[in-house]
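Note that chain A is present in both complexes that follow, paired respectively with chain B and with chain C.
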Partner chain A sequence: MSHTDAPNQRQDAELPALGFTGTLRFLWVQLTSMRTALMLLLLLAVAAVPGSLFPQRPAGPGIVDDYISDNPAAGEWLDRFQMFDVYSSVWFSAIYLLLFVSLIGCVFPRAVKHAKALRSAPPRTPRLLSRLPEYGKVVLESTGPSPRDAVDQAAKILKKRGYRIQVRQEAEGNASVGAERGYVREIGNIVFHLSLIGVLAFMAAGSMLSYRGQKILVEGEGFANTLVAYDAFTPGSAFSEQKLNPFSMTLDSFEAEFDRESDTHYGQALDFTAVLGVRHGPGEPEQTTELKVNHPLDIDGVRVYLVGNGYAPEVTVRDGIGNIAFQGPVIGRAEDQVYTSLMVIKAPDSEPDQLGFVGFFLPTAYTGEDGVAISIDPELLNPELNLNSYYGDLGLDTGEPQNVYVLDTDTLTELNSRNLEAGGITLSPGESYELPEGKGSIAFDGVKRFVGLDIVYDPAKWGVGIFAVLAMLALGVSLFVRRRRVWVRGTTDPNGYTTVEYGLLARGESFGLREENVALRRQMERTWPVQAPKDADDAEGGPSTSDYKPPSGHDAHPVDIQAAMPAIHRPPESKPNTTENRPE
Partner chain B sequence: MPSINLQLASYSDLFMLIAAFIYVAAFILFTLDVATSSTTIRNLESELARQRPRREMAGAGVGRPVPDTAGDHPPAAPAGRAQSGSSATAIQLNEELVNDDMDYLGTVRRPVANVAVALMVIGALLHAFAVIARGVAASRVPWGNMYEFLTTGAMLVAVVYLLFLIRKDIRFLGTFVSGLVVVMMAAATMGFPTPIAHLQPALQSPWIIIHVSVAVLASALFTLTFAMSVLQLIQHRREAAMSVEKARIRPFLRMVPPALSLENWSYRINAVGFVMWTFTLIAGAIWAEAAWGRYWGWDTKEVWTFVVWVVYAGYLHARATRGWTGERAAWLSIIGYACIVFNFTIVNTYFPGLHSYAGIPGAETAEVYR
Partner chain C sequence: MSNLKHSPGSAPRTPDPLRRPGRRQVLVGLAGIAALPVLAACSSDDPLAAQAGNADGKNYIAGDGSVLEIRPDERGEPVQFSSTLFSGEPISTDSLVGDPAVLNFWYAACAPCRVEAPDLQALHEELEPQDVRFVGVNVRDTVATAQAFERNFGITYPSVEDLNGQVLLAMTDYVPPQAVPTTIVLDRQGRVSARILGIAERSTLRTLITTVLGEQA
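Now for the complex of A and B:
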C-alpha cells in the first residue's frame, strides 16, 4: 500500500466491513498518510520547544534540582510531565517513533513502486498533446523527413538530453515517442528519507556503545582511563568496564593567553593550551601533545576535549591538635572573565571539630573603597584567598554523596566572616592564618592551574555523519532534479507536410518546463527545415503555456492532468508567441 | 595573534553608519513608490487607453493582446487565473503590471523605485566594504558576536535581494527588505555596539567560517520568502474578495504578483534555503563534536535550529499534501521565519547555553559528588 493523500476516500467504502485486520489496515493507512506525516512533523517541532525553556537533566542535574526547589509547586508538576527530560520523555519519543514508523510505511512502498517505474517504459502518448501544460508544433518543409523519421530523430534528441525513450508506431503512418527523465529525483527522495532512518539508528547505537566522562586535572596530576578515575561518568546502555581503553595521561602544564593590546577587550582570553603526556597503554612510551579548545586529542578512538580551566590554589589546613587535616590543590570554579573563583575547602579529618572554608580566590585582587576585594585580571598578578571558616559537622559521615563545590553550613558554626569580630581570612601565597578559638590554621602555599577534560568514546558517530551527509545530498537531488515527461508525435497534415507536435509535463514542481520547451524547439529547428509560421496569428506557432499548476504531489499522472485541466487553460487559439520573440 | 588594525576598524564603523543612512533613504523611496502606486497605475491605464482604444479580447481568459512592441515583451503572460472573476480589462491591465514569473515587463515606469534600488546598491557596496574591513582589521571572519552577526546578516539580506533583482522584478519587496536592513543595522549599532576584538578560543575554528556563513545566507533567503508569504496571504484575500465583487481593494497590491506566483517562488527559494539550513545543521553538529565532544546535545541553540528545520520540512511536506498548499503552506513559511528570528534574537541574548559567548572563560567544571 502506498502512502496516499486522501485515505478517507478509499476507506469510506470499506468501513462497514472493518474487522480487526480491517481496523489495523485502516490505522496503518492513516498513519502512513501524508497528512499524518505533516501533523507529526509539526508536533515534533512544538514538542522540542519546552526543552529550551526548562533546564534539562542531561545538561546539568544540579540546575534542575535548584529549579525545582526554587519553584516547588510548578516544579513537581513539570517533573511529572518530564519537562526536565524532554528529549527522552515518553511523549517526545512517541512522536518521533510514530513519525519514523510512518516514514517507513510511506517510503518502502514508494521505493517498490519506483523500482517498477524504473523498469517500465515511459507512459503512453496522450491523444491530445495540446492539452499538456507545455505544447508546441512545427510544420516541416517538403524536404523534411517523414513522420516516422522525424519521430526517430526527435527520440535521438531527447535521448541526448537525458530522457529515457520509447518510439511507438501509430495508425496511418504516424509515430510518436514517449520520453521521461529525472527518475533520480524520486530516488533522491527515497534515499533522503531512508538516510533519516540511518541517522536515527546510529544515534540509538551511539547511546548504547558510547561513554563519556569528565575529569579535572591539576598540573602535575595524572589520569588513567578507569572508572574510579573519573569525576563524572555516563556510560551507554551496553557499556562494560572492559571497554575502557587502557590509556593514561598527565597534565604537564597549562598555558592561557590573554589580550593585552586591546583597550576594550583587555584581558579577554585568546588561547588555551594544555600540554599532556599521553601513554596509549601501561608500559608504552609517553608522548607529549598539545590540547586546545576545538582541537580534541584522539587516543585510539577515544576523544579528549579541553572544555574548561581555572586556578587551583594549594592550601594546608591544620586542625586544633596541630595535625595536617588537608593539604593540596583545591579546584576553584571560575565565575567570570577574570577568574573570580569560588572556593570550597572541606577538612573532615580535622579534630576535635571538622573544618570547612568557603570563599573566593582572586587572581589579581583589588580592594575597593568599600573594603571588598575583587579580581580585576585573569592572570596571577596579585593572587589572594578570601575565605570564611566554619567548624562543626560537615555532614560527610552519613555516606550520602555531596557536591564537593557546595558547603552545607546548616550544621556548622561560623568562625571567620566579615560580620564577625574575627573578620574574614585574607591570604597571599606563603601566608598562613591561625583560626580563632584554637581551632587550627590554614596556609596558602601556592597556585596551580587545572583543566576540565571531557573524555568521549562514540564509535557510532561516523554512521550518523555519513547518513546525515547522504541525506543532504539526496535532498538536493530530490529538490533540484527536474522530472519531466515529453511526448512527440509525427503526423502528415492535410497539405502533405510532416507535422511534429510535442507536449511536456512536469511531475512535481513545474519550474523550468517552459525553458525545456524552448530548448527542445530550438534543437528541432536546427535539425529540420521548419516552415516559418504563416502569419502572426498562426494558431500554434510556438511553445505555449497555460498557468496550470499540476498538483505538486508525486501522484500526478497525465490522465489526471487532462481531467483536471479546465477548458480555459487550453492553449490559446490566437497566440503569436514563437520561440523567437522570447527574450533570452 | 596579529594585532588588530584599529584605523581600519574605525573606517568600518563609519561606513556601517553611512550605509545605514543610505538604506533609510532607500526605504523612504520604496515606501513612496508604494504610496504613489495608484497614480502610477492610473498613468498606465490612460496610456493603454491611448495606445489601443479598442481591441477585442479573443476568447475567454486568453492572454493579453499583442503589444505593439512585440519582441521586447516576454511571451504569454499567463491568463490570470487569479483574476478569473474580474473583468477582461482588469486582467489586461494586471498583466501589464506584473506577471507570474516576476519578469521585468517594462510597461510601468517607476522612477522612484528605481532610485531606491540604485541607493540600495550604493548602500550595499559601502556596507560590504565595512563588513570586509572589519574582518580584515581583525584578521578573521567578521561574524563573532551579535554586532557582527547583525551587520553581516543585513548585508547578505541586501545583497541576496539585489542579486535577485538582476533577473526578477521583485521591487515590490523593496520596502520590506530595506526596512528590515535598517532595523538590523540599528539594532547592531545601538543595541549591540561591540568594539572590535579577537575571537575567544571557543570560536577559533574553521567551522565558524562555513557554519555561520551558510546559516546567515539561508536566513537571508528565508527573509525573502517570509515577505513573499505574507504578501501571498494578503494577495490571496484580495483576490478572493475581488472575485466576489469587482471592487478595487488595496490597489497598491496590483504591483505585486498574484498569490500563486508568490507561492511558487517562495517555494523555490525555500527549497534552496532548506538545503542550506540542513547543511548548517550538519556543519554545526560536526563543529559541536570537535568543540564539546558530542554532535548533538539539545543545547538551546541546537533545539531552535532543529525546530526551524522541522518547520520548513513541514512546509515542504505541506506543499505536497492536498489541502495544505496555498495559505497553510504560507503560514508555515511565516512560522519558520518567526522561529529563525526568535533563534537569532531571543535565544542569542536571553537563553543560557553553550552557544552564549557572553562571558565565562570556559571554566565550567563538572559537578562532582563525593
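Now for the complex of A and C:
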C-alpha cells in the first residue's frame, strides 16, 4: 500500500505502539542480541578484507601514493571511501564500536544474572532420578546408614568433589541432596567478554594518549624529544606538545656484527649495538646505555627501538666560487643486504648554481666487467661513492616541502653521468672531484654510521596486555571447566534396606559425565557396605566400575530444564543412559 | 515488516506493546546509532596529525603558519638556556634580557626556512636600531652548511648550533617550537610573547615585535 492511501491511519497505527523511548529500547534489544553480535563479527571480518587488497597508509604511505598515481581515477574514489586507511576508517570503526556496544549490552546483564545464580541454591531434586542422562542406584546392607545419614555422607562426598550442595529432608525419613558445580565456567565466560571490553578500552586510551615518531641519528649527533627534532611523527588523537618527555640522547657509536663463518649466510647481519648517551631531562647527568634490536630502551615510559641502520658518508661540496656549500654526513638509504645505499646530496646554497648529486654508496665496491660497480659486502672494506651530478634549481626556494631522498632532476642540468663525456663521479674516502664547467667540487671525507630509531609512547599498552592475558585465561576456564548437577536421594526399599539413587546432568555438552558417574559410584561403594546386585532386573542403574561403556546417543541434548523438572513426561526413546551391572 | 496489519477503521487503537516499530522509526534510530561512531571518530583539523600518514619524506615536522600571541599578564617564566654560536662565542638568555629578542629555528635544506630568510634579515636590519636581537637556532646543519646558507641569504644575525637539541629541550618548559621553522618572540624580560609555527610572514612578525617593543622592561 502506498503512503497516499492512508497516511493518517498509518501514523495512528504506528506511533502509539512505540514511542521514542520504545524505539530506542527496541533497537537496544536488537543490537544486544546474539544474532546481531554474530552478524557484526562477520561484517567486521568482511570489512577487514579491503585492508589486505589495497595498500594501507599506516603500513606504507609511499606505496599508497604510488598506487593512487598509477590508478588516478579509481584511486581517488578508493581514497574517498578510506580504502587506504581501512582500520581507522569511519565504516570500520562503526562496525567494531557497534560490536562492542553490543557486547557490553550483552555481558553486563549476563554478569548480573550469574551473580544472582551464584547465590541461589542448587535446583530442586527431580522426582524420578532415573530419567536423568546418567543414573545410578546402590542398595546398602542392613549394617549401612539410614537414608538421611547416607544422604548427609553423600553430600560430604559431593562437597569434597567441588560441588555446592543443599540437603533436603523429604517425607518418610527420606532425604535428598542437590548439588551443582562449575559456576566458574560462566564466570570465565563473563570475564572473557569483560576482558575484551578492557582491551578495547585500553586500546582506545592508547590511541588517544600515545605518540610515535621516527628519527635518524648519525654518530655524534643528538636528539632532543621535541617535535622539531623528529623526522616523522604520528600523534595520538589527544596529543599535546606538553606530553613529550624532555629527554635527550646522543649516538656515541654504532657497531654491526656480520657472519664471517657460515658458508651459506656469509655476511649476514648477526648483531647491532648502538651506544647512546641518555639525559632524562635538561641539566640531568648523561647515562651511557646500549641499545639493541628487540631490546628497546625505556626512558621514563617512552620506548626507543633500534629499527634501522646504515652508512652516512661525509661529504664536502664546494661551489663554483670555492666556498663550502654543504658539509656533513648524508644519510644513505640501504637498499639491500650489502648496504648498497642510495645517496641524494643537495647543496642549495652553492653559487652561482645550486648543486645536486644522486648515486650510490658502496661499502665494498667491486667493479665488474661491464664497468658497473656493485657492493659485495656490508662492511667497509672498499668504500666508494658513485654519483651523478646536476646543477640548476633544486626547487627548495619555493617553500614547498621536498622529499630529502629524492632529487627532482626535471629542472636540473646533468653534469656527470655514465652517459655523458665527463662520466660519473667515483670517489674513495679522502678523494675529491672537480665538477665540469667549474661548477664546484665534491670531496668524500669519511663514513659515519647512523641508526634509525622508533620512539614510541603508549601508556595504555600494559592494560591491553593484562586484559589480553586475562581474556585467554578466562577463555580457557570457560572451555575446560564443566558445569554439572548431581542429585542423590536416600530411601528405604520394600525390604527395609537403605537405597541410594543418584542422577547426573550436564549443562551444555556432557563430556565426562559418565566418568563422573563412575567416580561417584566408586566412592559410594567405598563409603558404604553395598549389596551385590541380585539379578539383572534389580541392577538397573549404575555402571560397574570395572565395566565402562561409553555413553550412547543423546547426551548433548538440551535436556537441562526438562530433567531438572521433577516429573515430566518423556518419550521412550530418551530413556536414560544406564548400563546393567552384570554379576560376575 | 507490515505496517498495515490492521485495516483502517477496524483497527484496535489500543497500543500493542508487542508491536514492532515502524520502518521509519527503525531507520531514524539506525541513523542515530550509525552517527555515533562518526561523531566519535570525527577528527579535528590537526595539521600535525595530517602529516602523519604522509609519504612526502620531507623529514621534518612542518608548521601551518599559526600564530600564538600571549598577553603580558599571561606570559610564563623567562626563557633560560645557554649555548654556543657558530662563531664559537657563548650565548645565554641572560645577555638577551632587557631587549626584545627573536628566536628562529631553522636549517639550510628546510624549504620554508629558505622562503622566510630574506624577510627575517630585512626585519633584523630594520629593527636593529631599536635593539631587537635576532638569534637563529640551527637544528640540523654543520657549521659549514649553515654558513653557506647565511652567506647565500646575507644573514648577519648570529645562529646557535643546536644539533643536539639542547636549546630545543630548554624551550619545552616554555612555549615549545613544534615545527621547522618556528619563530619565537621574547619580551624585554625574556618571556615568550609570541610564536609562529611555519613561515614567518614579514608584516605579522613585525607586528608581534612592535607589540613587545612598546612594553616597558
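Note that the second predicted complex is superposed on the first by the 507 of 584 C-alpha atoms of A that agree within 3 Å, B and C clash if a C-alpha of one lies under 4 Å from a C-alpha of the other, contacts with A are read in each partner's own complex, and residues count from 1 in each chain.
In this section, a residue touches a chain if its C-beta (ideal position, glycine included) is under 8 Å from a C-beta of that chain, and two chains touch if they have at least 3 such contacts.
Remember, predicted model here, so these are calculated numbers, not experimental data.
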Original post:
Which holds for A:461: it touches chain B only (first), chain C only (second), both, or neither?
Top reply: first
Original post:
Taking the superposition as given, does A:73 touch the first partner, chain B, the second, chain C, both, or neither?
Top reply: neither
**OP:** Applying the touch criterion given at the start, work out whether A:58 contacts chain B, chain C, both or neither, answering first, second, both or neither.
**Re:** both
Original post:
Of the partners chain B and chain C, which touch A:310 in the superposed model: first, second, both, neither?
Top reply: first
Subject >> chain B versus chain C as contact partner of A:221, first or second or both or neither >> reply: second
Original post:
Of the partners chain B and chain C, which touch A:171 in the superposed model: first, second, both, neither?
Top reply: neither
**OP:** Figure out whether A:469 sits in contact with chain B (first) or chain C (second), or with both, or with neither.
**Re:** first
Original post:
Who wins on chain A residues touched, chain B or chain C?
Top reply: B
**OP:** Identify the partner contact of A:399: answer first if only chain B is touched, second if only chain C is, both if each is, neither if none is.
**Re:** second
Original post:
Which chain A residues lie in the overlap of the chain B contact set and the chain C contact set?
Top reply: 6, 58, 60-62, 216, 231-232, 401-405
**OP:** Report the residues of chain A in contact with chain C in the complex, numbered from low to high.
**Re:** 1, 6, 9-10, 12-18, 22-24, 26-27, 31, 57-58, 60-62, 64-65, 85, 88, 90, 93-94, 97-98, 216, 221-235, 237, 239, 241, 244, 246, 248, 250, 281-282, 316, 319, 323-328, 346-351, 396-406
**OP:** State the interface residues of chain B toward chain A in the complex, per the touch definition above.
**Re:** 1, 3-4, 58-63, 66, 70-76, 78-81, 84, 100, 195-198, 200-202, 204-205, 207, 260, 264, 267-268, 271, 274-275, 278-279, 282, 285-286, 289-300, 303-304, 306-307, 310-311, 313-314, 316-325, 332, 339, 347, 351, 359-370
Subject >> chain A partner contacts - residues on chain C that touch it in the complex >> reply: 3-6, 8, 11, 13, 15-17, 19-22, 24-26, 28-30, 33-34, 36-38, 40-41, 43, 46, 48-49, 51-62, 105, 108-109, 111-112, 114-115, 139, 141-145, 147-149, 151-152, 163-166, 168-173, 176-180, 182, 199
Subject >> chain B partner contacts - residues on chain A that touch it in the complex >> reply: 5-6, 34-35, 37-38, 41-42, 44-45, 48-49, 51-52, 56, 58-62, 86-87, 203, 212, 214, 216, 231-232, 257, 259, 261-265, 268-272, 292-296, 303, 305, 307-310, 331, 333-337, 339, 341, 378, 401-405, 452, 454-456, 458, 461, 464-465, 468-469, 471-472, 475-476, 479-480, 509, 511, 536, 542, 544-547, 549, 551-554, 568-569, 572-577, 581-583
